[in-house]
Structures are given as C-alpha cells and as structure tokens.
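I've put the structures underneath this note.
Next come two complexes built around chain A: one with chain B, the other with chain C.
On to the complex of A and B.
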C-alpha cells in the first residue's frame, strides 16, 4: 500500500486512489486551508492558500528530499513516499501573507454580510491570519449587481477563486459566468444577455467561500448562526437529493445540499432548493373536519383515531390510495390499518406526478420528471401486501364499479394534483377520506348524504422515515421542524390507529418491515448517512452464487 | 484574538499570605467597613418622591434608544449582533434591503421587550455602528405588557428625548466600514 507522510505521521492510501495533498492530509486529520479547490470541480491552484512543503522519501534508502519551494496542495498528487509538511514556519508565514493580500481589497462589512459565520475568509483569517492589519482601513461598501434571477453578486467581496465560473462550465454546462478584466481589476460577471438562469444556479452560492454570491431567497432573512441544521432528503423529485434543512423556530429558511457521492454529489437543483415555501403557506389544511348529514364539525385528533376507523368500517368495501410522498414506514402502517379494517381492502399506489422529462447535466446531476420521492418504496410495501401492485386507475375502476364504498386517499402533494373532473367519480362513495396539504376539488367534494373527512398532511421537513429514490437507494431521515400547530403527521395518526403506545418511532416500524419484507431487509440496520442500495443484499447473493 | 496572542498577558492568582490565612485581619477589615457606613451620610432616596441623581449618564444603563444619523434615518444596519449578544433574548429584528442607496440593509422592524431586558448593556457593546445605546432614563413604567415592548418608532423617539442631554457616545469618531457606509 502506498504510504504518505503528513507532518511526520505515516498514513496508507489505496493502491489506485488518486488523491491530492489536501485529501491525503485530511485522511491524516490535518486540514489544509483552501479556497479555489473543490472536490467536484477542476483544479486551478489560483488562491495559493493551500501552499505546503512537499518532498519525497526514497523507498530504498529512506532518505527524504524536500522541494525547495512551496507547492499548492490541491495540484500536487500524493503518491507513495510523498512527504507533506503543513505547519512549518514557512507555510504559516505564506498563509498569513495570502490572508493579508486578500483582505487589502475586501470590505470589512461582516456585520451586514450574509456569509458571516460560515465564511472561509473569516475562519481562515482567525486561524491563519495575523492579528494586526497593516493596510489602511478604507470604509466602503460592496458594489452589488444581479447575475441572475435568483443570485446576486457583491462584487468587492469576491476573492476570485472562480469556483462559480468553473461550476457553470463543468457541472451545469451553461457557462453563463466569466471573469472580466484582469489583475487587480478582475471581476466575476455574467456574459451580456446570458443571465445565470439555469436550474442548478443556486449551487454557486453554496460554492462561494465568501459572501460574494448571495441567494436572493435567503438574503437578509436570518443570520446563519441562528439556524439549526437537520439532515433531510429532498422530496421534490425521484432523485431524492441528500440535503440539510436549515431552520429556526419551526420555520425553514433554506435548504442546502449534503454531500452524497451516490445520489447528488455536492449539488441540488433550484426546484428543490426553493421547494420548501409550501410548508409555510397559510392556506394549508390545519384541522380535521368531518362532514356528515348532520353538518360539518371539527374533530379533535384523539377522536379521529376511533371515529375514522368506525366510519371506514361501517361503509364496507375499502380502497386506499397510498401516496408516493409517504415514507416507507407510513405506507406500511397505512396498509396494515387498511387490511385490519377490511381484509380485502384495495391498496393502490397514489397518482405519481410527472413534469417534463428527466434533465441530466454534464456534471452527472439529474433532475427527474417523476416529482415524488418514494414511488419505489411504496411499491415495495404494496407488493408485499398484494395482490400485485394496484395503480390509481385500478382504484378508479373500483370506485366506478361501486366495489369501493369507502375510499381513503393520502396525497400530501405540494402542487395541485386533481381537478374537478377527475374528482367527480368519487361523488358516489359513502365515506371519503382525503388527507392532503391543501384543499382540492376532491377534499371539497359535495357529500350529499355521505361522510366526508378532510385531514391535514405534512410536508417533507415535517416527516421522519425512509424514502427510496429512483436509484433504489433507501435514505432515512429525521423530522426537522414541527408541523403547524394542531397537525398530526401521518405517521403519528397511523401509529395511534394501530393501537401502539407512546410516541411514533419510525425505527420500530422499520425493524418490523425489515423482518417481514425480504426486498426491504436492509432497513433492519442503521443506514449510513448516504443511504443504502436496496439491491445490495440481492447483489451480494448473486455475487456469491457466481463465485461458488 | 487567539489565546496564544502575544498581546495577552496571562496572570496567576497570588498564593494566600499569612494574614489572609489567619482570617482575623480580614474580619476586622470587614467590621471597619460596616462601622464606616453606619456613620457616613445615607445614599438611599425615597423614590418616586425624591429623584436619584445619576452620576455619569454616559455609563448609566437605563432605557434603550436607537440613534439616528445626520439625515434622521435609523443608524442601525440590522446586523443582529445585539440580538446575538443579548442574554435575555429580548431583541427581535426583521431585516430588509434598505431603501437608501448608500446602505445595504436596515431594520424593517426592531423590537425590545423591556420587561425581559436585564439592562446588562451587552447590546450596546456588541453594536458595530453605535446604533443602540442605553440612556439614563430610569423610571420605566407601563400599564400593559404590550406597552412595554418598544418598537422602532418608540426607540427612535427615546433618542429625540435624550439626544441633547446625552449626545451619542461615539460622536466625533468615525465608525469603521462595518456600516457598509459611504466611501469618503
């Protein structure tokens, strides 16, 4: 195994790994500061912050020969016998000089800069800079201009790392951004007539190590040190990007991508990034209403548990639409409850929203046309309960033919999903339960002499459980914020309808699913933060079968 | 400032001497202080019939005010540092893009819950633009809790009331570019 020596510590790296000095040092637990280098982008070695001393150890004699000059760690490969020195006086002096040079032209407007608190320039200056400033402090404010509909540029805050320019060229492939002028007058700008208007534009704000690029959606909304972070999964499409939900006092302020090499790498799309606003829409369904011949009445949650079951059982033949927005655990509990009420209940996959076609970007990032996060997970659950996997059309057939007297539809779609014509066939059922984020023609359907329930649903950040994305990768996540006052998440309602005691615990349900469904057996163990491929056990089985 | 900064002088507490360890000299010292106060003139006043005299209004920590700049606009740049420093969490700010070209950000709303405030002065210390200051107004009363939540207009009006008696503490200094203010 190749051995790299970082500050005197020997670490072994993989025989075929291609690491640079920054990555090798990270393995040894040493952080080499860097601005322009990013693992997802090409190397330019322009910021000079990662300069380190390197050398090589002769394999035969063990003699170490050092390179006389400092070299950029991002551009220098770490191979067998490479010696990296990250904390010599020469390196420290170099970092202090780089920081000093950057701060000559950088406005000291941290108090009004949105990046303050997560700014690499601040952090590195504190760690590696010098305590005193030798240049004059010139009060000036950063010039600002918009480079696109969602992104704004504070020109003077920029340190010219060009991460954003490389991102638009290499990952989004749209190349709207460029460097104008040269030398001390260098600036980032968009090409005239080509504003930064692609679906991955928001990533340049995450990439910016300083406060130069700002997200207009988040600008001045909240200081970053007030935000709490919860690892979540985006529910915008079937890609299921790993994200971090940043929230404060049960209000989401922004979403950021979380590194996941198997799903989204370091990126996420703008549809997902700004796709949380529906969570705080005042029009959301917030209370349970039950319309019956006696009139409309609000029902308290503890009563819902018993009365909903009684209404569904009284009506007779039950059909349930299991929404692909639900988690695997919720789908499992819903199917179990439905089969308890009516052993021959029809379990159908709810409508799967589609929009456009799959969009794949040169960097490998894909936005799926299927705008729901968990079709595969729900299908796996439905296949277990059988017979086969019924679809929305099967459910409509049941309703039209009169076999379904009671229909329970879980929706939780952030966008309108059904019109009056599509809702019309349900007018005849004697008990209709609609669980949705927003009122729809279906939830407002006139009852006549029948029972109509309208239940609130919750959005992605208010849920806990497991989603299975388009690549069969199961990802577990916790609830980030609480739903609006008085709303029970689906999981809590179903947990109580199953007669379970205590608080809803997805892990308990997950263990039961893993024991019962071979296709979902991987859910029995704690999943890694990057998720796990559901097919991993099958793959392992076929692998061992071919070997023997 | 890092703990390793050469400008920091680290002091060690001196070990106790014989007199401290004997305890008696300190006991006598304490009694002497008590006796001195028994014969000295009293400093308490019967408020509100009598008004206490504020020694130095510049270091008194009474009701807050929000300072105005030369053009009469609120000086605050909505950086949230006072709200961050506040140990009582009594400051609530909503920031917005400023309507003025020379400034990036301003407080759309600025509220201080005077009932929650513990008058520690940390907000004043944290402010990078000397926008929030504590005045020497000490009789803070109101008929309801809502009345005691001071909004931006009320805090600015405190400035109008007190600006003559207590000029801005940083008057005459030029503040750093933390404002994102004008280039000279």
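On to the complex of A and C.
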C-alpha cells in the first residue's frame, strides 16, 4: 500500500486512491487549513492557505528530498513516499501572512455578521493568524447587494475563493456568478439581468467559507452558536438528501446538506432547503377532533388509542392509506394495527405526489419529480403484508363499492393534496380517519351520521425512523424537534395502539422488520450515517453465487 | 565597441520594409521554402536546439527544448500561440518587429508551427498596438495571397492558419497560461501547473507559447545559420552546468533618462553601461544614473555601480535582479526619488494583479498603500521591513502564488529597499520628523486609490 508521511507520521492510503495533500493529511488527523479547495469543485489553488512543504522519500534508500518552496496542498497529489510537512515555521508564517492579507480589506464586522461562529476566516485567524494588525488601512465598508432572489452578497467580506463561481459553472451549470474587476478591487457579481436564480442557488451560501454570501431566508434569524444540529433526511422528494436540521427551542432555522457520496454529495436543492416552513405554520392541525352524531369533541391522546380502535372495529371493513411520507417503521406499525383490527383490511399506498419531471444538473445532482421520501420503503412493507401492493385507486374502488366501511388515511403532506371532488367519494364511509398536517376537504368532509376523526400528523424533522429513497438507499434518522405542543407523532400513536410499553423506539421496530422481511433485512444492524442500499444483500448473494 | 550590423531590425528605415516584396528582396521566405521542401519537423527542432536560442519573452527558456515537451505522435490539433501582449513597462521591441518587419515574424511562426506540427497559430496582440494590428493583419493577408499561409504552404503538405487576436489591455494576458485562458474567452487567470501548456494548453490541447522576438530569431536562424547565431552572445558558463548560454542578437529597449532612447539591437551580453553610453548617448542632461532597470520593472533595479553587468540571461541575476526579462532597460537619473520609482512600480502591479492568489492580490495593493502613505509624509521606518517582508515572500519562487506577476512586483520592492535603504530612511525621517520611529499601527489615509 502507498505510504504518505505527514509531519513524520506514516499513513497508508488506498492503492488506487487519488488524494491530495489536504485529504491525505486529514487521514493522519492533521487539518490543513484551506478556503478555495472543495472536494466537489475544481482545484484553483488560489487562496494559498493550504501551502505546505512537501518532498518525496526514495523507496530504495529512504532518503527524503524536499521541494525547495511551498506548494498548495490542494493541488499536490499524495503518492507513495510523499512527505508532507504542515507545521514548519515556513508553513506557519505563510499561513499567518495569508490570514493577514485576507483581513486587510475585510470589514471585520463579526458582531453583525451571520457567519460569525462558523466562519473559516474567523477560525483560521485564531488558529493561524497573527495577534496584531499591521495593516494601516481603514477598510470599514460593508456593502451589500443582492445577487439573486434568495442570496445576498456582502461584497467586502468576500475573500475571492471563487467557490460560488465554480459551483454555478460546474454543478448547477447556470454560471450566473462571475468575478469582476481586477486585483484588490475585484468582486463577485452577477451580470445585470441574470440574477443567481436556480434551484441549487442556496448551496453557494453553504460553500462560502466567510460571511460574504448570505441566505435571505436565514439572515439575522439566529446566531449560529445557538443552533443545535441533527442529522436528518430531506422529505422533499424521492432523492432523500442527507441533511442537517439546524434548530433551537423546537424551531427549525435552516437546513444544510450533509455530505453523502451515495445520494446528494455535498448539495441540496432550494425546494428542500426552504421546505421546512410548513412545520411552523400556525394553520397546522394540532388537536384531535372526533365528530359523531352527538357533535364534535376534542379527544385526549391517551383516549385516542382505545377509541380510534373501537370506532374502526365497529364500522366493519377497513381500508388504510399508508402515506409515502411515513417512515418504514410507522408504515409497519400501521399495517400491523390495521390487520389486528380487521385481518382482511386493505392496505394501500397513499397518493404519491408528483411535480414536473426529474431535473438532473451537470454536477450530477437530481431533483425528483416524485415529491415524497419513502414510496419504496412503504411499498416494501405493503408487499410483505400483501396481497400485492395496493394503490390509492384500489382504495377508492373499495370506498365506492362499499367494501370499505372504515377508512384511515395517513397523509402528512406538506402541500394541499386533495380537492373537494376527490374527497367526495369518502362521504359515505361510516368512519373516516384523516391524519394530516393541515385541514383539507377530506378532513373537513361532512359526516352526516358517521364518525369523522381528524388527527394531527407531523413533519419530517419531527419524525424518527427510516426512509428509502429512489435509489433503494435506506437512511435512518432521529427526531430533530418536537412537534407542536401536545401532538403525538404517528409513531408514538401506533406504538401505543400496538400496546407497546414505554417510549416509541424505532430501532426496536426496525429489528422486528429486519427479522420478518427479507427485503428489509439490512435494517437489523445500525445503518451508517450515509445509509445503506437495500439491495446490498441481494447483490452480495448474486455475487457469491456467480463466484462459486 | 565593435560595430554590430542589425539583423532583426534590418527592415527599419527601409521604405515599405514591412511589405512582402521588401522582405523577399532581403532573402526572406527562401529558408522557409527550403525547410518545407527538404526538412522534417524534427530537423527544425534540432536546428533551433543547436542554435541555443532562448525565449525572448522574459523567462529565457530554451525554445527548442520547450518544443520537445509536446507529446510525441499526438493526433492533434497542436496549437502555437505567439505572445504579442507586450505589456512589461519599458518594453517595445515586439512592437517594432510587428510594425516594421511583420513578415520576419510570420516566417518564424510558419517555421515554428512546422517544427511543432501545429496547424493553427494564434497571435495574441496587445490591445494598445493598433499599428501593429494593421501591419500584422496586412502581412497575414499578403502571406495568404502568396501561398505562404493557409492550405499546403508553398506546395508542401504543411498547412497553417494564423489568427490575429487582439487582447483587451491586461498585463496578465502576457503570462502564458493567462494568455491561453484569455484566448479561450475566459478571464485571464493563470492556470495552475501541471499540466503545462505543452501537454494541455489552449482548448486543452498541446500548446506552445512563444514570444514575437523569438519567432523573428527563428526566422533569422534559418536564414543565416546556427553558426552565425552562436557566434553572437555569451557562451555557456562551463562552471555552471545549468547555464545554456546566451546566444544571438537581442533587441534592447532603452528608455528613461537617456539622451537617445530607442530600440537597439546588440549582441546578448552587452553591458548596461555600454548600452546607455554607446547607444543611448549617456544619461540625459549630463546627470548620472541612480538606478537602471535591466529588463522591465519586474526584474528589479541595478545601482550605478552595477552597470557593468552584462545584459545576458545570466547577468542581472548576479547583482540580485530577477533576470534579463524583456531587456527593457530603463534609466533613472540621480535627480529622481527612489521612493517615487518604487511607488510607480507598486501602482502598476496593484493595478495589474489579476487578483487570483491572495498574497499577490492583497500584497500589491497593500504595498501601494504603504508607499502612498510614505509619500504623503506619514512613513515609518517599520514600513520598510514590512515592504521587504512582502518582497521576500510574495511570488511563484517562494511558492505563494500561481504565476510570476507577484515575483515581478516583489523584485523591484526588495531590490529598491535593499539597495537604496539609506535613501528611503532619509526620506521617511525628513518627511515625517515626528513619527518615523513609531511602530504602533497608524491611522489610514482617508483617500486611497490605485489610480
């Protein structure tokens, strides 16, 4: 195996790995500071922060020959025998000078800058900068201009790493951003009439290592050191981007992509990025209501567990819509509960929202037309319970033909999904349970003499469990925030309806699913943070079969 | 001094010397005919290698050697870029070649393209040279009409198209990879190397970038022979195995405080003093030289005591200058303030820094602002150390930048301060009697600007 020597420590890298010095040093636990380099973008080696001393060790004699000047770690490949020195006086002085240079024209307005606390310029200044300012300049401009509908540019905070420019050229392929002027006067800008307006635009804010690019959605909403971070999965579409939900006191403030080479790499789309606002919509359903001939009444959650079961059982034939917004665990529990109530209950996949067509960007990122995160996971569960996988149309057939007397619809869609006409066929069922984020024509359907339940649902950051994306990748995630006061997530309700004791624990359900469903057997172990392909066992089986 | 018959400048002063007929009458294009008929590209490369021709653009890299870096048996296309973005302050020899003898340049281009198997050549012309533009374009049109360019040149199998591209006035476009980026229609930010242009250059194809004067030299080598070329100049230093020698005639651009500024052709190795006294008629107004720029401002400064330095590729380096550069010799008389000289130099580089690498972008601008403050009577001795530190750490040689622009900005800075420190200190003490010794941060000037 090739060996790289980082500050005297030998580390082995993969035989066919193409690492640069920054990546190789990271393997050795050494962080080489850098601004312009990003693993998802082309190498420009222009910030000069990652300058290191390098050399090579002769394999035969062990003699080390050093390059007589500093080289950028981002541009220099780490090969067998490469020697990387990251802490020599020369390197340290060079970093201090780059930090000093970057701060010459920087407004140093950290107290009013949103980036403070997660700013590389700030962090590196404390780690590598010099204690005293030698520049004799008054740089205290702080010009701001919009570069697009969602992104604003604080011109003087920019350090010209050009990550944003490269992103729009290489990943989104839209090339709205550019560098204007020359030398110390140069600035990032967009061409008049061509603002930064594409569905991946928000990523430039994540890429910005300093406070130059601000997300208008997040700007001045929260200091970053108050934010708590929970690894989540975006529920916006079937891509299922790995994300981090950043929240404080049960309020989401922003979503950021989480690196996942199998799904979204370093990016996420703006639909997903800003797709959390519905969580804090005051119009959300927050109470359980039951309408019956005796009138409408609020029901306490502990009572829901028994009364809901009683109402559904009393009505007779049961049909359940399992929403593709639910987790695998929730779908499993829902199916189990339904079959307990009525062993021949129809289990149908809830409506799968679609919008437009799949959009793939030059950088390989795809926004799916299927606007739900877990169709494949729910289908896997439904296939297990059988017979076959029923669809929404099958459920409507059951309703129209009168076979379904009781209908339980889980929805949890962030956007309106059903109109009055589509809801009309349900008027005749004797017990209708609608579990949704918002009131809809379906949840408000006039009951006449029938029983109508309206149950709150929860949004993506309020859930815990597993989703399976369009690429068969199962990703587990924890709950980031609590739902609005008093609301039980679907998982908790179903857990209690199953008569389980204690708090709802998705891992317990997951283990049961893994034991029962071969297609979901991988869920039995802890999944890596980047998820696991459900087909991995199949693939392994086919592979061993072909080998033997 | 022995009289030297100009070769590269032989057309200067001849009526209509820039025309094809005049060029032919002086023996032009005959060597090309001979080469295309009887020689192979490898022979041409060998001839140029044997001549010891080194690139005239500034770095002095052996031209023939550069051509051999092209990949063997490449399916093509291979491009030849001719650098006519002559923007180094004080340099104007390319301009004279393009205006007065464009066919000499074109013949060199065809020969070089033949040697490198390039089928397309681009001349990247400085925007500020409208006359060169007209003359070159006229010569290209004449050459096409005479079958000297285009398909099957002079009946041979070799075809070449030459495109004249006008830049948009930026110093950085003279850096070879900046030039390539600009030709591709992009912002002229120099590329990181490797890959070098010979492997992946213009439009990601193997590319050779050569200077206009180099092209003219190639034409003369084939007209007058390798022996002639090697008979001129300074042979390689036997004590230094890395010195390829400095052969051939060179166009020196003499300007500044001399009686007769101009472009003079002389053998490589003429000393600065000979050039100034013999060709330039001495320092003007009977004054003495204080400093001389040996080859464009980015090469640094020589003192009057260093004027006997030979101006060959190795000479200026021996007195702490960066090199011969473009051989643009600028004389600064003893009535000039060295503070003003350095300020002017800093102003140029702050204006022309492309802004890609942090140390150059911020360093050139900061050094200018320090010098502006010094000239405004608020200098401090501590500033000199700061400038010197910048001079020593900024550039491709210490590794802190991608291209050599920063080295060019750093060299005059460190040369001026090392060689004229006394004058700087006197100036600061005189103009800032109450604050020259202060080392605390000083308040900034209200109005700062690079123009």
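Quick note on the criterion: the second predicted complex is superposed on the first by the 545 of 548 C-alpha atoms of A that agree within 3 Å, B and C clash if a C-alpha of one lies under 4 Å from a C-alpha of the other, contacts with A are read in each partner's own complex, and residues count from 1 in each chain.
Everything that follows uses one rule, which is that a contact is a pair of C-beta atoms (placed from the backbone, for glycine too) under 8 Å apart; a residue touches a chain by one contact, two chains touch by 3 or more.
The structure presented is a predicted model; accordingly, all values stated were derived computationally and were not measured.
In the superposition on chain A, A:108 makes contact with chain B only, not with chain C.
In the superposed model, C is the one of chain B and chain C that contacts more residues of chain A.
In the overlay built on the shared chain, the residue A:521 is in contact with neither chain B nor chain C. Contacts of A:49 after superposition: chain C is touched, whereas chain B is not reached. When the two complexes are overlaid on their common chain A, residue A:137 makes contact with chain B and with chain C alike.
Legend: residue contacts after superposition of the two complexes on their common chain; A:219 is shown touching chain B, with no touch to chain C. Once chain A of one complex is fitted onto chain A of the other, the partner contacts of A:422 are absent, as it touches neither chain B nor chain C. Touch criterion met: A:70 reaches chain C, while chain B stays clear of it. Residues 137-138 of chain A are contacted both by chain B in one complex and by chain C in the other. Within the complex, the chain A residues that touch chain B are 107-112, 126, 131, 137-142, 144, 219-221, 223, 225-226. By the touch rule above, chain A contacts chain C in their complex via residues 43-49, 51, 69-72, 75, 93-94, 97-98, 101-102, 104-105, 132-138, 159-160, 178-179, 181-186.
On the chain B side of its complex with chain A, the touching residues are 1-2, 5, 7, 77-81, 84, 95-97, 102-105, 128-129, 174-184. Interface residues of chain C, counted against chain A in their complex, comprise 170, 187, 189, 192, 350-359, 361-366, 369-370, 373, 386, 393, 397-402, 441-444, 446, 448, 450.
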